[in-house]
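Two complexes, one shared chain (subunit A), two partners (subunit B, subunit C).
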Partner chain A sequence: MQREGSAFSGLGVVVLKELSDHLTSVRMRVLEWLVVLVALAALYGAIQQIKDTTAEDPFLFLRLFTTSRDPLPSFVSFLSFLVPLMAIGLGFDTVNSEHNRRTLSRILSQPIYRDALLFGKFLAGLITLSISLVTLWLLVVGLGLLLIGIPPGAEEIARSFVFLLVTIIYAGVWLALALLFSILFRSAATAALVTLGLWLFITFIWPVLAGAVAQAIIPPDPRYTALGLQTPGTAELEQILARLSPSTLYAEVVVALLDPTTRALGPIYLSQLQGAVLGAPLPLGASVLIAWPQIVAMIASALLLFVVGYVIFQRQEVRA
Partner chain B sequence: MRYGLIAALAAFAVLFASAAKSDDAPKDVKGIYLMSDFPAVTVRPGETSTINLRLHNYDMTPERLALSVSGVPAGWTATLMGGGQPVAAAMPATNSSVSLELRLDVPKNAPNGTQTITVAAQGATSNLQLPVAVTLAKDLPAKLTLTPQLPQLRGTSKSSFEYQLGIKNDSGKKLTVSLSAHAPQNFDTTFTEQYGSQELNAVPVDAGQTKDVKLKVTPPNTAAAGDYKITARVAAEDAVATTDLGMTITGQPKLDISGREGLVSTRASAGKETSVPVVITNTGTAPAEDIQLSGSAPSGWKITFDPKQVDRIAPNDNKEVQALITPTEKAIAGDYVTTVRAAARGESASTNFRVTVTTSTMWGIAGVGIIGVALLVMVGAVARFGRR
Partner chain C sequence: MSQDSVIQANGLTKTYGSATAVDHISFEVGRGEIFGLLGPNGAGKTTTILMLLGLTDISAGEVSVLGFNPAREPLSVKRRVGYMPDTVGFYDGLTAADNLRYTARLIGFRVLEREKRIAEALDRVGLADVAEKRVGTFSRGMRQRLGLAEILMKGAQIAILDEPTSGLDPQATAELLGMIRGFKAEGVSVLLSSHLLERVQSVCDRVALFSSGKIALMGRVADLGREVLGGGYVVDIEADGAGLAERLALIPGVSGVEKTGIGKLRLHADRDVRPEAAAEVVALQGRLKFLGVQEPSLEAIYTRYFEAKKPEQAVQEGARHAA
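What follows is the complex of A and B.
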């Protein structure tokens, strides 16, 4: 039966309800504490490291995010695997739990469309993630101010803010994936396992596999190998394959945003560096432009994953 | 007979001895003489002068001679000195002489004129008199001449001009000659030894001798082209000599290159031509002509100029040209260094321009398009699959 009226009527109700569920759930609290504690540990390490370094740095504040001190990884590398974990944790049982509790048909008997239900669930998850990420960001900025004592410049604030937005988008990708699997699989445990498995594969195994696959497709030229260089064709293919993973995309965007001296994210020929003033920072616009394809890819993949989930959900039998 | 032999031997000895002695004296001169090389001298009032006298005995038996000076004007002091102390008598041996000095203390206020002082030597047989004419003159004139070897030099404002000057002391005594030069303002003048770098203020010159010194003139860098006159002056006591030296400075152009208002950075998009105003200034003293512009940049870049060359820039004038910089298509974003050069004949200037390359925003727009397509897919899905 074709829908009448707006697809979004009842969206607000769903969002508010889901949001309150998320924010009061024990799972959310555990995830929050995990993220905050881990982030604080990374931040503490970074601040200790910065305090030990005497070198002058025009972007000292950005170093808060990227500096690491053994044995802890840096704040951004923590985020790059904790954010997917949070998103998956929030999203893996979005739809299938309604099925299992047999509440889905009850909700849909209300004047709420399926569209609105799915949109609402996704938006509520995204808002929840945004709230925690914004809090985390403010925590970092505040602690940085307190412990380093150097006020950040406008450029640094702008860069770290864009970094925050990109992190929310990155969370959105994983949330959409988790939502898709929660629609596909009736069992929440299966959905969680599959999503986590895929995350592990994409984040940790794929970057290694990409190199092997690239070398299999375009074997390295022995002339380059003899010089200790990567064959340009192989390197390019490897990068293209690695960029299929959102984790790679996110890592590249972070490098471009938080290290203003980054000039390019792909392989660079020496001829392109001739006459270049190395170490000169790029303006924010140029940095965003460098990372723009990656940002676009993340936004588009989040949208497409959601659309796939949406189409499947719309065609599903609810009463079963 | 025996006595006769002894007498003959003695006579021979005397003869031999006298023959040996009389080598440096004329044979026909005989007697004791009181002599002076210069019996008429000029002295200055207020000074002590010494007149050399000599008492010579030619083939005479030694005799005691009492010495006296007469005719000494009032206020003067005349002392006869022998062997460094005042003496009153002398006794020259046969065929030898005794040196005497007549020391004259002339008071400062003694009037000019000639006085005759008579020195007398009175002995048993001889009565010698030597009148010495003493002329009082206020001053003996010192005289200097200054001769440049090359009085006219030519060069640029950056070169240093070296004049060789010969100082001749034409007076009768050694003089310490002070050196000075008068040059236009901000010209630096120094005197040095002819072969050496020691700077001098004064140089001693012996009587009748010539000494060469070097006058080095360094014009200021900003000296305009033209002829300049330098006066070298040497002075000792009251003798002064000057000479005029000529100096021709040929001007030289000096180029300076920078951006408009000193700005040497610009922005450019990869693969797109950007024009940068470049100001060429001639800070030299002569017009710069036929100025060629060139630039160097990373490979694949293009730098051209509009106009390609400037015909003439007058001193203290400037011209603006446009540098057209095209970064290569493949340039990655960031800062690059390019060099812009201007060269006139023998004179060149260069400066670095920092070019901030921004990559094209076309792909950014394409990205927005992709997101738009993804949204359209979503809207399409909502429209197509929306159901109760």
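What follows is the complex of A and C.
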């Protein structure tokens, strides 16, 4: 059926309203402080560690993101579980709050489509997350400059910038998930709980489970086990399963981007090492290429989650 | 009529799975008319309204709002129709004016026009003083009025109000009904729903009485009264004068005179006989203290109609059981 007018008329208005709601909300302020404090702690640990190691490192600046010092995890590991928290914190009541405030039917009786409302809300969430992440990135880069005292090279800046973009995509995946559950569950508390539960499962339990499931499907070959090696088939399946989790994808992309010596993600085949000087850094383009499937998979899963939510929202009754 | 009707519904139907919420209803709302969708809870009023606005899919039938099809041209319909849902909600953290600003932006008004319209609308519903107060602090009545302000601001040609008086005290109800009459005075057509028959009877030009998804009765309240209550006007008169009762009984059209108190009489007639009754009192040189005609009450019409229906249903059901 041909629809009248643009599906996105009113989109800008919705984005601006939601954005100003987010930016002035107490929830956002709390989340931001949480992230900043945690990031500072991780950064402090990293800088201490970097100062202790005197070895020459051409990518000293990138080490800021990946170095950890006990007991604190690295900045990147902090991000990989704080970003989902922020996205879920912003998105879990996107649609159900409109139902519960009984504003939905009033807003939808204005000359806009549901498309504009839903997409506007998603965009506003993503922009809010981007603002926080860019701020955080600037903070880290600035502090790194001040504290290490060695200006980063163009390559390092470029790599950390791509890392920023990927982190925003990663945030988008979780935001789309939170949005989906905010459509599915009328109660915001239920939506938050289910989304957080799923996040815990995907991030902490699934990687362990993936190994177990892979071993159950393809039992390890005793010949490899005897040598203390993983059976290639089992390892491959485990990796495929683990990659169903966006957290795994993100971790892999981050490794490729922030460690220029990464030649492959997952099991390395001999063909990939032919003619390569071990330990020699790759150019940025090559690193991005290595991580490209993972990046595309993240974008695709964000889109898929959004589309599922969109279809459900289109069919939903407006009354509470 | 169809020339000047703003809403036309024909065989409108909504089913949820196997349940039928709205069952082949047809009605028209004329330009500048106040039309009431009345009926008990769950009768299908809200569902009908949502279909008119294109907010829920139509299972069968046709509907045209200002000449547009709400399913295919929802934006054209929604641009011209103002809607106040039952228990209308606003963003509690925003001020009254900001809530309207958001709507005005969604509609697409430019800054200057927006501000002018908002100020006017808030003034009209008496919320100008609290325009910059957060809606979270508003009472139920103020929210309802803000809902009306939104429709005014929109400059809608049709106002669709779902249960506009529910939860309001008598004074707030009277004020709100006054504002609804104001819509009519400006040529805005009004479609309102309510399950409180008495409250809205006075403002509606025509009503449709719903009963489990169907329109049981439709028309002007007075006509329905004559139709269902067996016709007849009831005129109460309080006057003195010897032999008044006998004289009144002779007025053409009067079918009975009843004594209801000292000096109080009740006439049953097939038309409004107030002028003749007054003339009789004057002719007897009596003093006329009260003369009034009883409006047929919707409540009475509704109750009577369904009381009359019930035995039939019982018979039908009995027949079904027997079979």
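The rule is short, and it goes like this: the second predicted complex is superposed on the first by the 308 of 320 C-alpha atoms of A that agree within 3 Å, B and C clash if a C-alpha of one lies under 4 Å from a C-alpha of the other, contacts with A are read in each partner's own complex, and residues count from 1 in each chain.
By definition in this document, a residue touches a chain if its C-beta (ideal position, glycine included) is under 8 Å from a C-beta of that chain, and two chains touch if they have at least 3 such contacts.
Computed from a predicted structure; not experimentally measured.
More residues of subunit A lie in touch with B than with the remaining chain of the pair subunit B and subunit C. Of the two partner chains, subunit B is the only one touched by A:D115; subunit C is not.
Shared-chain residue A:P71: touches no atom of subunit B or subunit C.
By the touch criterion stated above, A:G149 is placed in contact with neither subunit B nor subunit C. In the superposed pair of complexes, A:L303 makes contact with subunit B only, with no contact to subunit C. Of the two partner chains placed by superposition, only subunit C is touched by A:R101; subunit B is not.
When the two complexes are overlaid on their common chain A, residue A:P222 makes contact with neither subunit B nor subunit C. Overlap of the subunit B and subunit C contact sets on subunit A: residues 1-3, 108, 113.
Of all residues in subunit C, those touching subunit A in their complex are 46, 50, 53, 55-56, 72-76, 78-79, 81-85, 87-93, 102-103, 105-108, 147, 150. Per the touch definition, subunit A reaches subunit C in the complex via residues 1-5, 9-10, 13-14, 16-17, 21, 101-103, 105-113, 317-319. Remark: subunit B residues 297-301, 328, 330-338, 354, 356, 358-359, 361, 363-364, 367-368, 370-371, 373-375, 377-378, 381-382, 385-388 touch subunit A in the complex.
Residues of subunit A that touch subunit B in their complex: 1-3, 7, 108, 113-115, 263-264, 268-269, 271-272, 274-277, 280, 282-283, 285-286, 289-290, 292-293, 295-296, 299-300, 303-304, 306-307, 310-311, 314-315.
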